[in-house]
Structure formats: C-alpha cells, structure tokens
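What follows is a set of structures to go through.
Two complexes, one shared chain (subunit A), two partners (subunit B, subunit C).
Presenting the complex of A and B:
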C-alpha cells in the first residue's frame, strides 16, 4: 500500500472518506427510516416503531397509479432509446466518414443540456405543432435524454469487439443481418443491457420534463412525490420514497450479483 | 476504414454501400432533428423575437435588471460552492477507494454511487426532513454549542449548497476513481523510494497526474449544479431563486414564455461554454497521452 493508513496523512484521508460516506448516505437512510416512526409528522430519528405508513403507502391508489404511469413511460423510452441508440452506435463504430465525430458529439449532447432548457423548448414546440398526444410527448422527450446513455455505454463495448469474428461469420456465408444478430449481439449484450437499464432509471427518476410534458391528470411518480412534498411532510410520501429506494437498491444488488455470477462461470 | 465504406468493393456501387449506414443512422437522426434540434431552435427564435419581428428586448430586460443579475450570480456561486465541496470530499474518497486493496472497496464504491440511481426529488426530500426547524441538523448544531436556538436551514442558500453537493458528490467520486485507477501506483512508490514523504509524493505525483481528470470532474459537477432544478426548488424555495427555478417561474407560473426562453438560452450558453472548455480539455489530454 502506498500510504500507511495509520500515518497522520492516512488518517486524515480516512476521516474525510468516512464523512463523505455518511454525508452521501444520510438523506437516503432518513427517508427509509423516518416513516417507521409512529408520529403523524416526519421526525428523524423516528419516535416509536410502526409499519402503518409503509402500509398506507402500499394501499394508496394515487401512488400505485403514478408508479404504473412511470413504469410504462420508462419501459417505452428505454426500449426506443435502446433500438435507435444501438443502431447508431453500431454504425458509428463500423463506418468511417467525414463528420463522424461531430455526429457522435451531437448524439451525446443532450447529456449536458439542462433538462429545463429542453423542457421549455419542447413545450413550445408541441403547443405550436400539435404533434403527438397523450404519453408520447413525454416519451419522445425521454428518448432524447436516454439515448445518450445507451450510446455512452455501448460505444466502448462495440469498439472493443473483435472485428475478425464478424469477418469470419461473413466468410462462412452469413448475411449481414445474421452476423449482427448471431455474432455481434451476443458478445456485446452486457453493454446493451447496462445502457438500457441506465436509460430506464433515467426516465423513471426524471422530474423536469415530466413536470412540463406529462399528461394532465396522470403525473409520473417523481412529479407526484414533488407535489406532495411541497404541500407538507406527510409520512406516507416518505414511505413511498422509502419503498422506491429499497426497490432500487434491491435491483442494483441483483444486477451486480448476476454479473459476478456470470463472470465466475466464464 | 471499413471495406463497405470504400466505393465499389465487391462490385457494388457507392450508393448501395452507403445505404446501410444511412438506414442505421436514420431513426436516431430523425428523433434528434424533430425533438431536439427543432425545439431548441424555436426556443432561440422565441427568445429573440416579439410580435413585430426580431428583437433583443428580452435580453435587454435581463441585462437592465439587477434582480436577474443577482439570480445569475447566485447560480454561479452555487455551482462554485458545490464544486469545492465535492472536490474536498470526492478527492480523498476516490483516492482511498482506488488504492484500497480491501475486498470491500468495490462494494463501498457501489454504495457511494448508489444515490445516483435514486431520484433527486427523493434525495432532496431527505434533506428537507433533516433541515426542518426541529430536524437533526438544528439539534446537532445546538448540542455542539454552535447555535443557541433552533436553526432554520430550510429555504436558505447554505441548505441548497449542502443538499446539492450531496446529490452530485457520487458523480465526482466516480470520475476521480477512474482517474486514480489509471495512475500507475509504481510512480508513487518511485517518488517515495527517491525520498519523498507520502504527502509530498501525493501532491507532486498523483495529484499532478490527475489534474486533467480533476478539472474535467469539476466542470461536470459545475455545469450540473447550475442547471439543477429539483434541489433548489424543494430545499431553497422562493428565497433561494436560481436560474432553473427562475425559468420555471417565468414559464409555468407567470406564463411569460418569451422571457422564460431568454433565461433558458442564457443558461444554455453558459453550460455550452463550459462543456466546450471540457471537450477541448479532454482532447488536449488525449493528444498529450498519445504522444510517445
């Protein structure tokens, strides 16, 4: 080890590191733990111990509807972003042409665009043109912000892919389609899955675009939580948020365990 | 580079070989043209026009009113403060996680970056519970003797800074972790075997080599901090007005879309300028590294 962790310098580093851990995880723990309190308002540390707020959250029709709305929009956005993102990523890594880097920069640029700027522009655009209806306005907006994530994850994977495998398949008589689906896709699948999962989470968590573009009357989950939090500290809002955190954590853990298992098997 | 991109390979005419890449790019280009470039162009157009035609009146209104300069200044100050905090905590955390040989290091990195997967709305909510008048922060300050009565951190700028730095810290740790991992540990050993104290080796070798990554991470956090909406809106409320909340107010609440578009354009230009600097920097680094 370069730095002895017991030396003064090492201790300073470890202390700062510990502060950072507590700092990053504290508000998340607060949201999971605070609704366990028996008081009618949110308190941390909680007083008493009850599951009634979590129960209330699970039975609240408002939140269930919002979860379904968010799920539908996130699944649609992630799937569309995945398909168009992979097609472009494949073409970006396989063909050399003038302006290729510019095109790649354009495809990635929504990553740095403030979502509020995009939201204002899209709202103006949809009101003027009357294009798309219902949930599709928000899905279109989410596709724009999700596609860069798919590209960012899949581009390096496709660049690393051994081209000779593709050439071998072609030489053995496979059509370009067969080559892509039977040779390229299985190898780069982990990258594609990771990109799509990231796109799904981005859409599911997104607030600003949903505030501007969601269908009136059917807000997404982040919008529902945002509005509820502004009205007051109802413990059941915290319970819904807590359930969201627990579910996210479970999915993340599962994803990494499956990855670790697959690596072990290989 | 590829055979298909060059003309006339396998006896196929150029347009046939160009057909496949064009078809592959088409969906993405279409989606971006319709739902990204067009709306952004009409946003720019609206910010620079009124019923009579082209005008810079909206920009003049911004420039002539100190209220809006205050908002811009507050936004940039927020970005700066958040960047400094995330650097101060992110550097040691990323370094310890990158150099630790414990089998838990990977899990700890996962735990640090997990909050990125949780909506900013939920994370800001956590801070609201902590910041409220009788919350943990107020009680902790009182028990430490730093405050005599209840402290209100909600609806203040320090509150927004603390909450937003927490929201963006995982991103800084993730960026810097990659940078530290890519720095050869032998360089630190070499410096120390030549007589440098660990702190000197860390300063002269590691941080020097990580400089590019540190600047890149800072620019990333800064641009995200000045465009954040959820945290300033929930934790800051009306009293900590920043660019993002001002744009929301102008459009959704006051329905002054042209002026909202102007504010949005100003924010966009600021972020774009920063990211161009970021791009130039990355490019410069790649050239440096490519040099033998």
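Presenting the complex of A and C:
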C-alpha cells in the first residue's frame, strides 16, 4: 500500500518520520559538530570554529594506543567468533541429535544474559583458575558475547541453503571438507560477513567486560573514553567519538562505492 | 558397466520407502524408475548416488560393490531436478568442478570443458553465472557437468520437470542420444509416463516402495501386471464384469455393460468370479450402432489431438469410456450421436476387482 504524502495520513506519517530520524541522527551530528567549538567545555551549537580538539584527540597517545588495542581485540574476537559461530551453525542445521534445540538456545543465551553477570563470573573464573593471560582473557569474554551474533545471522542462511548444492559437489567427487569450503562457504559468505561485522562492532564498543577483564595498562578505547569522561569532560573526548563516526561513514561509503562498481562490471 | 540392485531396502522407522528392490540394468541401457510421488523412486536413486544409506541390500556397479562407498567416491554423474548449479561459479567453472576434484591437469581440463561446451551448444555462455542462463541452458550445463567426468553410470532425477513441454521432448531425445554415445548405464527418475516411455529402454513402475512391473514400454503398456500399472501408464477404460469360463490362456468375461468378451490376464484369476477388464482407447473399434456383440455409447465430446482423436462416450449404464480414432474416422462422428463399440479381443486384459 502506498500513501500519498499530501493526504492527511501522509502528512502525519511525514511528521512522525521526520521526528524519528531527527531523534536518531541529531545526537550523532552533535557529537561530530560540537568539538569544532573553541570553548574548553562541550557546547552546542559550537561557539567559534576550531579544529584544535580534533587535533588534540589525534595527538593524544592514549587514544591512539587504545584504538589499536580495541582493534586487535575486536579483530581477534570477531574471527574466533566467526569460526565457532559457523561451525556450530553448520552442526545445528545439518545434524539431528538429541539436545539440538537446547544447544541452540544455549548458544544464543549470551544475547540475553546481562554482561555484568558475565563479567563478574568470568573475572572470578579467570582469577581462580589462572587460565589465559594478557589480552586473551578479554578476547575469550568477547568471543562469548560475539558468537551469538554470528550464529544468529548464519543459522537462517544455512537453513535456507539448497542442500542439493552440497550433494552436487559430493557427487562430483568433493570430500565433505572440500564441499564445505568450495561450495557452502562461498554461497553463504554474505551472511557470514554480516555476522562477523556485527561481532566486530560488538567487541569494539563493549565496555562492561573490558572494564573487568582488560589488561591493566592497556585499556580498550571504550574504557579510555569512559575514564576520560569521568575525569572531566574535555571536548577532545567528543572529538574521538566524532572521529569514530566519520571513520564509520567513510567505511560505509567505500563499501557502497565498491558494490556499485562491482555491479557495473557485471 | 551394468548396475545391479540387490534386495535394496530403505525403512524410516516403521515406514517402508523402498521394499526389497532387485533390478539389473545391463551395460548402456537406461532404466526409468516411474511412479507417483512417494513411491520410492527418488529414494532408490539417492541410495545409488550415496546420499541415503540403504537399510539392507546392496548396490553393484560392474563387479564393484559400492553400497558402503561414500558419495564422492562413487563416480556417478547426477543431473539434479533443480540442476543444483553452483551459483557462485560460471558455467565453465561448474563444468570443470568434477575434473578439478579428480586432479585433471589444466590443459586437459580446459580442453575437455571446451569439448563439452561445444557438444551441448553452450558456446558463448561459458562465462555466465547460472542465474544469467535460461532454464534450458542451465539444464545443459548440469548435463555437461555430469558427463564431463566420464562417470561410470549416469543418474537423472526428473531432469525435465522444470522445462516447458516443447523443450522437454527435444532435450529428452538429446539426452538419450548422449547417453547412447557414451554407452552410459543410466537410471532416470520420473513421474511422467510419456517421458519414461520415450527415452528409457526399460521401465520399472513403483508404488509405495514396491516394484509393480519391469519391462519395455510396450510390454508395460500392452500387458500391465496389475490394475495400478494399467491405470498409471497411458489412458485406460475399466469395465467390470464376471468371468464365466476359462479356455486355456483366455478367460471369457461377461461385461456388466452387456457383451461377453475374451480376455487375457497376468494375474491368476479364478475361472468364476468378479473381475475388471482393461480396454485401451485403441482396443475399441467404432461400428454401426446395433451391430451384434457391441456396446452402444452416446458421444459426449470429441477431443482432437492431431494424429489421434479421442472420442469420449457414455454407455447406457452411465459408464464413461474413451476410444481413439484417426482424424478421418472422427469426422463422421458428431456429439450426441449413438455409436456401436466393438472391443478387440486380443487387446483386453483382466484384473482382479
């Protein structure tokens, strides 16, 4: 059904949509614009125009180190979550075994488990057992919360996957292993990429687990921003967030451009 | 290589999908597994391909027992109903897939793929992805992919069901020509009797997991083993009656419709008792009404099919009957007219009621 926007209902919808979009997008805009102000505190609309807060953020070694720490942890967590997620999604969709539904629910449960509970539990677990050291404790914790995202996305993709493709590959002489890597993975790749990106983002901006489990001395970006905010709200903190938003937009733009290019080539 | 299925059986719990099927397909012949859906034909094919493990029995190709072999070691070429082309690979890469798995060197691989592309009239389409091909082209890629590996046997799972009627016949003949050229022993699964009759050497009719009859198209059409086969293959008129006498191979039947005819039966029937007679449309000759030893029918409809014309008639007791005639003969027939129907004795088959 289409509604003409000139009709009364259309006008109401238009207003509602505008309000919703403004509500969602305005904070992002504020974060990007506010650090442009010259004042030593965050003001909106900004007074004066300067890039010094952005410069300060870029020059602050703490943030740069924290971004690298977060990137490393997010990449490692996303990749491990990707492998575990796909393997378990494959098993859950291909094999019928007792407790399959229970296992599926269990795999997805970190999505509904408060991260504070998980953080406390894992902290106790790691200090008691002394298992894992350095960044691996946080990575392990992030894998727990990231895997459900990969699983969530790959389960329906694998369920919809045409089984006869696997059979065709087997029939042509591919071992089960080759079948998985040469046929299943390439075909379901878009879904898996989406799940892995979700996992990456989840790990990258995760705060609670990082507060409890990050290596002392090398805090992740969310932890660094969090402590900076607690110490005093200097506009360079907002500039860091602004930079992240700009970087995200740049990546999205690049992705769409590449897609458009590829479609043109086909 | 010939294919031998020995006492092949598949059960799911208490449900029997295939019941002790024993069939031998001689080298170079094509067997059609024919039956309605759920008759076990696809299960049988999938057991031969190695996708389903038989509950009992064995499968032999040549002198090799392949029952326990995993699917990828069976060396069977399978054309899927949905074609199952790999969507991320081009037509040429799809065809080359099996050769790559067999470690065929690049030069030979490219040459064999190119030969297949030429043979199946796919030139110019080699670099297209499956979704950029029409249904008929996709089907030819699927056939090329199965043949290029020089499989020891060829399996076809309803390969024409997604093609339109006109394309179907041409593709069927093309496929049967290729199968003969390669001398491939084949199993062909279908629910379409005309498809089975036109391209298979031997037809196995199945129902509820059980083999009903196996034989050439003409054997099955002319001498069906039971009423199910008679009904499933070709058009059939069934007229109930009572067996009154037995004379050697022939049974004398008094049809309820009013005439007494001689009939043969593949079943062992008691010389006295109820039975049902099969009259194919061409086993009834149109004659002047009132001729002795004929039935009288009123013409309900005339259905012109080109080479044959089907005349649908209603008997005095309300039974509907269809007979075939040449277009010339059918021109003398008008709807509503009364006609005499003479059953041809040699063509009548009898079944238990």
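For the reader, a short list of remarks on this structure follows.
By definition in this document, the second predicted complex is superposed on the first by the 248 of 266 C-alpha atoms of A that agree within 3 Å, B and C clash if a C-alpha of one lies under 4 Å from a C-alpha of the other, contacts with A are read in each partner's own complex, and residues count from 1 in each chain.
Going forward, a residue touches a chain if its C-beta (ideal position, glycine included) is under 8 Å from a C-beta of that chain, and two chains touch if they have at least 3 such contacts.
As the structure is a computational prediction, the values presented were derived from the model and not from experiment.
In the overlay built on the shared chain, the residue A:181 is in contact with neither subunit B nor subunit C. Contacts of A:124 after superposition on the shared chain: subunit B is touched, whereas subunit C is not.
Looking at the superposed arrangement, the partner reaching more residues of subunit A, out of subunit B and subunit C, is B. In the superposition on chain A, contact of A:112 is made with subunit B only, not with subunit C. In the superposition on chain A, A:172 contacts subunit C only, with no contact to subunit B.
With both structures placed on the common chain, the touch criterion links A:255 to neither subunit B nor subunit C.
Residues 176 of subunit A are contacted both by subunit B in one complex and by subunit C in the other. Those residues of subunit C that touch subunit A in the shared complex are 49-51, 70-78, 80-82, 84-88, 97-98, 101-102, 145-146, 149. Here subunit B touches subunit A in the complex through residues 1-2, 4-5, 20-21, 24-25, 27-28, 31-32, 34-36, 38-40, 42-43, 46, 88-90, 92-93, 95-97, 99, 101, 108, 110-112, 114-115, 117-130, 132, 134-136, 163, 166, 169-170, 173, 185, 188-189, 192, 198-199, 201-202, 223, 226-227, 229-230, 234, 244, 247-248, 251-252, 257, 260-261, 264-265, 267-268, 271-272, 275, 279, going by the rule given at the top. Only residues 1-4, 7, 9-10, 12-14, 16-17, 19-21, 23-31, 34, 42-45, 83-85, 87-88, 90-91, 94-97, 103, 105-107, 110, 112-118, 120-125, 128, 131, 140-141, 143-144, 147, 176, 201, 204-208, 211-212, 222, 225-226, 229-230, 233, 237-238, 241, 244-245, 248-249, 252, 256 of subunit A touch subunit B when the two sit together in their complex. Subunit A contributes residues 162, 164-165, 167-176, 178-179, 182-183, 186-187 to its touches with subunit C in the complex.
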